[in-house]
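Next up, some structures in structure tokens.
Across the two complexes that follow, chain A remains constant while its partner is chain B and subsequently chain C.
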Partner chain A sequence: MEWHNQLAQYLVTGVTTGAIYALAALGFTIIYNSTEIINLAQGEFVMLGGMIAASILPLLGVPLWMAVIIAIAAATVVGMIFERLAIRPVKNPSVLNLIIITIGGSILIKGVAMLIWGKDDRPLRAFTSTQPIHVFSTVITPQSIWIMAGTLLAVVLLHLFYEYSITGKALRACAYNRKAARLCGVSVERMVLFSFGLSAMLGAFAGVLVAPITFTSYDVGTMLGLKGFCAAILGGLGSNPGAVLGGLVIGTLESLGAGYLSSGYKDAIAFSIMLLVLYFKPAGILGKQMEKV
Partner chain B sequence: MKRDWLIWLGAAILIFATPSFIKSPYFFTVLIFIAINGIVVLGLTLLMGFAGQVSLGHAGFFGLGAYFSAILTYHYHFDPWIAMVLALVATLFIASLLGIPTLRLHGHYLAMATLGLGVVLQIIFKEEVELTGGPSGMGGIPYLKAFGISFSNDYRFYFLSWAFMLLLLGLSINLVHSRIGRALRAISQNQVAAGTLGIPVSRLKLLIFALSAGYASLAGSLYAHYMTFVSPGPFGFMASVKMVAMVVIGGSTSLWGALLGTALLVSLPELLTKLQDYEMFVYGIIMILVMIFAPKGLAGMIGKVGSLARIRLKEPNAGTG
Partner chain C sequence: MKKLVLLTVILIFSGIAFLSVATAKKITLKKPYKIGAVLDVTGGASGLGEPEKQTLMMLTDDLNAKGGINGHRIELLLEDNESNPDNSITKAKKLVGEKVIAVIGATQSGTTMPFLPVIAEAKIPLVSVAASWKIVTDPDTKKTRQWIFKTAQSDSLAVSKIYEYCNKNNISKVALITVSNGFGDSGRGELLRLAPDFKITVVADERFGEQDADMTAQLTKIKGKDAQAVICWCIQKGPAIVAKNFKDLGMTQKLIMSHGIANQNFLNLAGDAANGIVLPAGKLIVAEQLPDSDLQKQVLIAYKTEFESKYKGARVSTFGGHAYDAFTILTNALKKSGAEPEKMRAEIEKTNNFAGCSGIFNMSPTDHEGMTKDAFVMVQIKDGKWDLIK
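After this line comes the complex of A and B, so read on.
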């Protein structure tokens, strides 16, 4: 293959993984906006989505779409339970303490998943045929198209929800100023609960979409979550469009880097980008101006 | 302050008396790991409890110490002590590079930056096969020697590792009770107020962060010369998380908490080897419960019991006075 053929192939792969990072990044952004917490358990929701779908599909014998819906719903419930049991009861809710709790939550969820499902990789059937589509000399798998379309749909729905629904507006009010939102009658506690549910839902959706391509196991969440986190920082922590942009950029650069530079350092690319962003433009591409001490 | 030094003295006596009544070599191995991990956790406690920042990449600094020592002594035949100092200098430099931009920002940007650095470092340890031996690691690291004694067995290394621990503990006690320590506590209470009082907030936070990375580097060098073998396994993100767990469970506002937390979490898996699969689950649940019910950790709980006891003791006198 010539280099430009390869380039197209790498771009397709990059946008596919980038879409997954974008969904994970959106999860970080949603929780960060309503609480300032960096939810390091975000990746575990991605894992839960894939694992639940992969395990109930053969177990219950339901159609794939139903397994997907059940998996996303279950992960959403886990996210809300986590907020209710581990975040809300904290008496001294400094942001640092809450971040540490999310780390505890992350290894707890991972530990439970390992006890339930063991350490083996699990496959999930592709949504539709596995017959790759050829566009000129570039190969696209149908699952890639599902991932891109699914992410696009999620982003559009999320945007509409934030712009037009009353709950979405309340969430935005919380992000802007929690005290003022409370004075206007927004129940901040409910919004925090809601944002944990929402970001678990997006995470699980990402997990279900990606499972047919990469397989899934109890420990896939950490890396996916952390890369989503890099994406959120690149885009500007707190900005939804930034999270999507950050995800796509990181996915693409990772794929290009793995292809043209070194596949061994593939996983280091996202983190190096994050370090560069923190160094030179900590507000990210679309973030608010940073407050200096 | 006096009380801290009394406990320090007690700990020192206990540590140097232990070998006279316990002979099991396995026991020494566990104690050595408590000392090595304890040094890292001590530094992290200074950072978390006294500067109010968290590092999610301390295993990376620990790895920097270990790999610098290993590479310099094995490939370039440096004296282990000189290698240890060079490793320390290099780690301090890297930590400062990371800390200077991020500690100026309001919020928890250090957590993110250290997390990124930690992951990148572990990948470098895995990928630079010619220097580091790659995923399978590198052996043949020489033992430490001093005054004609080679620290080649558990018994001797036990004294060496705990001597380091006591030394750094003493340094930390001094620091905490110094002008800098008071300034740091002011920062962790209220950064803006501390700044208006003329405390150089970002410079002090940088100092304490570099110091805690330096502790980790020293512990890493000790680890390399104790094991005489290093591989990327113990220097990943999960290891960093475990170190944070040790601080949290021990209690981040007390230096003694660091020792307690480390002792508990290092010996727990040794006691429960059959329950290895439950390790993550147990860590997670303990971390959450401690943060919710006892944010000052074990040290805070012991302190609370102590002050309750004191109140009880004083009560009978209250009526007569």
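After this line comes the complex of A and C, so read on.
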């Protein structure tokens, strides 16, 4: 196989995985922007998306698209309930306290998922046929295309939302300066609730997109969440385009690393990158330098 | 004074009454034989562990219905290690603490190896249902472990069978793709070690993690080499992902997998991608297709019929078969030796010409597994069914 075909193949895998990491990373960024906390339960929302879809599909016998929508909606609700019950009532809402609460939340969600769905792996049907498409000698599965297109759509919609809708602008206001936003009449509490819901929605969307390729089980959230976090850090925590860029970069480097270096160290790549970024340029590629006022 | 005398008399009488009741119970009921089992009932290996659990429970009920062993009931203490090696050690220690006379398990090589020292220290026999040869033989000293036996065919036998198939089909160059865990490491070791004996060249040696969700990078690398067959050594969901990636990439080499995929779970996860895969398997899954002259056929069909009628909707798997063999060998030994661990151990070692589900067992002090490569047959997957390759 010519080297350029091999490279192209690795890139296809890399971009596909990277798109999923990008969606997960966006979830981190959105919540960080409105609350300054890192929601370490983000990975579990990705898991919930895939798991709910995979379990209600045979249970209710609904068409796939409906199962997907129900799954994403359900995960969004879980995200909002999580904010209401675990984040909002905290009396001493320091950033560190809230981060630790999200860790607890992630363990809880994972545990409940295990009790409800057991520990087995579940398959999810691919959205369209499984016939792979050949572009020259590179193979792309239709599901990969769904993932790339879906992520692109989500990113574009998110951008339009932030730029042109009132709620989007309110969210950006909260990111810049919470006090000032509050003074302008923005209900910061509602924005926090909204960002949790939005993050959960994006995470669940990633979950249903990737489940047909990787199967899903109660514990896929941990690794996906961590890699999404690495991607968010790489791209610059707080920057949406950064999150997408970070996700794509990590996905691609993982794939290239597995192909050209050693397949055994694939997971180490994401974490090594994160360590390097934190050491050399903590603000990330596109991150804004944090100013302390 | 009177009260004191009365109290003392009452105490003495209750004491006598209590003692007589206690001793009476001891005389009339024979102590049950406690057999422990640590299995991967839930978690990634549940597809293998669940039928093992069902088999042990079924056989225990059968034996107890016949009056147990020499009047002793069998009490099965079954623990689930959740496919986790650390849990395995904890559960093994728990069983030893409950004074079991023998242990069966665990399901995977990776969940069995860690608690071998616990068993050796307790000096009770262990009959494992996992595959790695390192379970019964110390890899450093090459000596047979005294208290450990197993009923799952060694990976070395599986590899020999695969290479025999390759020789028959003019395949001389193979690519390996193996998982980084106990099972995968052991299999890969055997694949590399035995290749020269069968004049096979290994042109690629890829690895992947147990939790990895995508192996296209590794397979793409293999696609670029001149392998005629790809051998994948893994259990749980890994092989299903490899099968799907393999099919998506349009790879045309022969895809060969380990005996670890010989269960319904793999067929469910892999779907169409499983078609054409060749594997060595215990004879259980193709029992009806065996010639009538096969010594194991009767045992296999009897086990299959009983299992499928007791557990409606479940299909037999070779792993349940390993559990069947472990239980039967253990209880056969118990019948002759009684519950004395050293005598049990010696008796198990004398197992001779036992036609079980996994193979025909001939154990000895230096062979605590007792099977040859003919315990395997080559099988091809076709439309969700196992086809015997004659």
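Going forward, the second predicted complex is superposed on the first by the 289 of 293 C-alpha atoms of A that agree within 3 Å, B and C clash if a C-alpha of one lies under 4 Å from a C-alpha of the other, contacts with A are read in each partner's own complex, and residues count from 1 in each chain.
By definition in this document, a contact is a pair of C-beta atoms (placed from the backbone, for glycine too) under 8 Å apart; a residue touches a chain by one contact, two chains touch by 3 or more.
Since the model is a prediction, treat every value here as computed from it, not as a measurement.
Using the contact criterion defined above for the overlaid structures, shared-chain residue A:P282 touches chain B, although it does not reach chain C.
Residue contacts after overlaying the shared chain place A:M66 against neither chain B nor chain C. Look at A:D267: by the touch rule set out above, it reaches both chain B and chain C. In the superposition on chain A, A:T214 makes contact with chain C only, while chain B stays out of contact range. Contacts of A:D120 after superposition: chain C is touched, whereas chain B is not reached. In the superposed model, A:C230 lies in contact with chain B only, and not with chain C.
In the superposition on chain A, A:Q9 makes contact with chain C only, not with chain B.
The wider contact with chain A, measured as residues touched, comes from B rather than the other of chain B and chain C. Residue overlap on chain A between the chain B contacts of one complex and the chain C contacts of the other covers 262, 264, 267.
For chain A in complex with chain B, the touching residues are 36, 38, 40, 86, 89-92, 95-97, 99-101, 103-112, 114-115, 222, 226, 229-230, 233, 262, 264-265, 267-268, 271-272, 274-275, 278-279, 282, 290-293. Across the complex, chain C is touched by residues 1, 6, 9-10, 12-13, 17, 118-121, 123, 130, 132, 134, 139, 141, 210, 213-215, 217, 220, 223, 255-256, 258-259, 262-264, 266-267 of chain A.
Put simply, chain C touches chain A in their complex at residues 42-44, 46-47, 82-83, 180, 206-209, 211-218, 220-221, 223-224, 236-237, 240-241, 244, 247-250, 265, 268-269, 271-272. Within the complex, the chain B residues that touch chain A are 48, 52-54, 56, 98, 101-109, 111-113, 115-117, 119-120, 123-124, 126-127, 191, 195, 201-202, 237-238, 241, 244-245, 248, 277-288, 291-292, 295.
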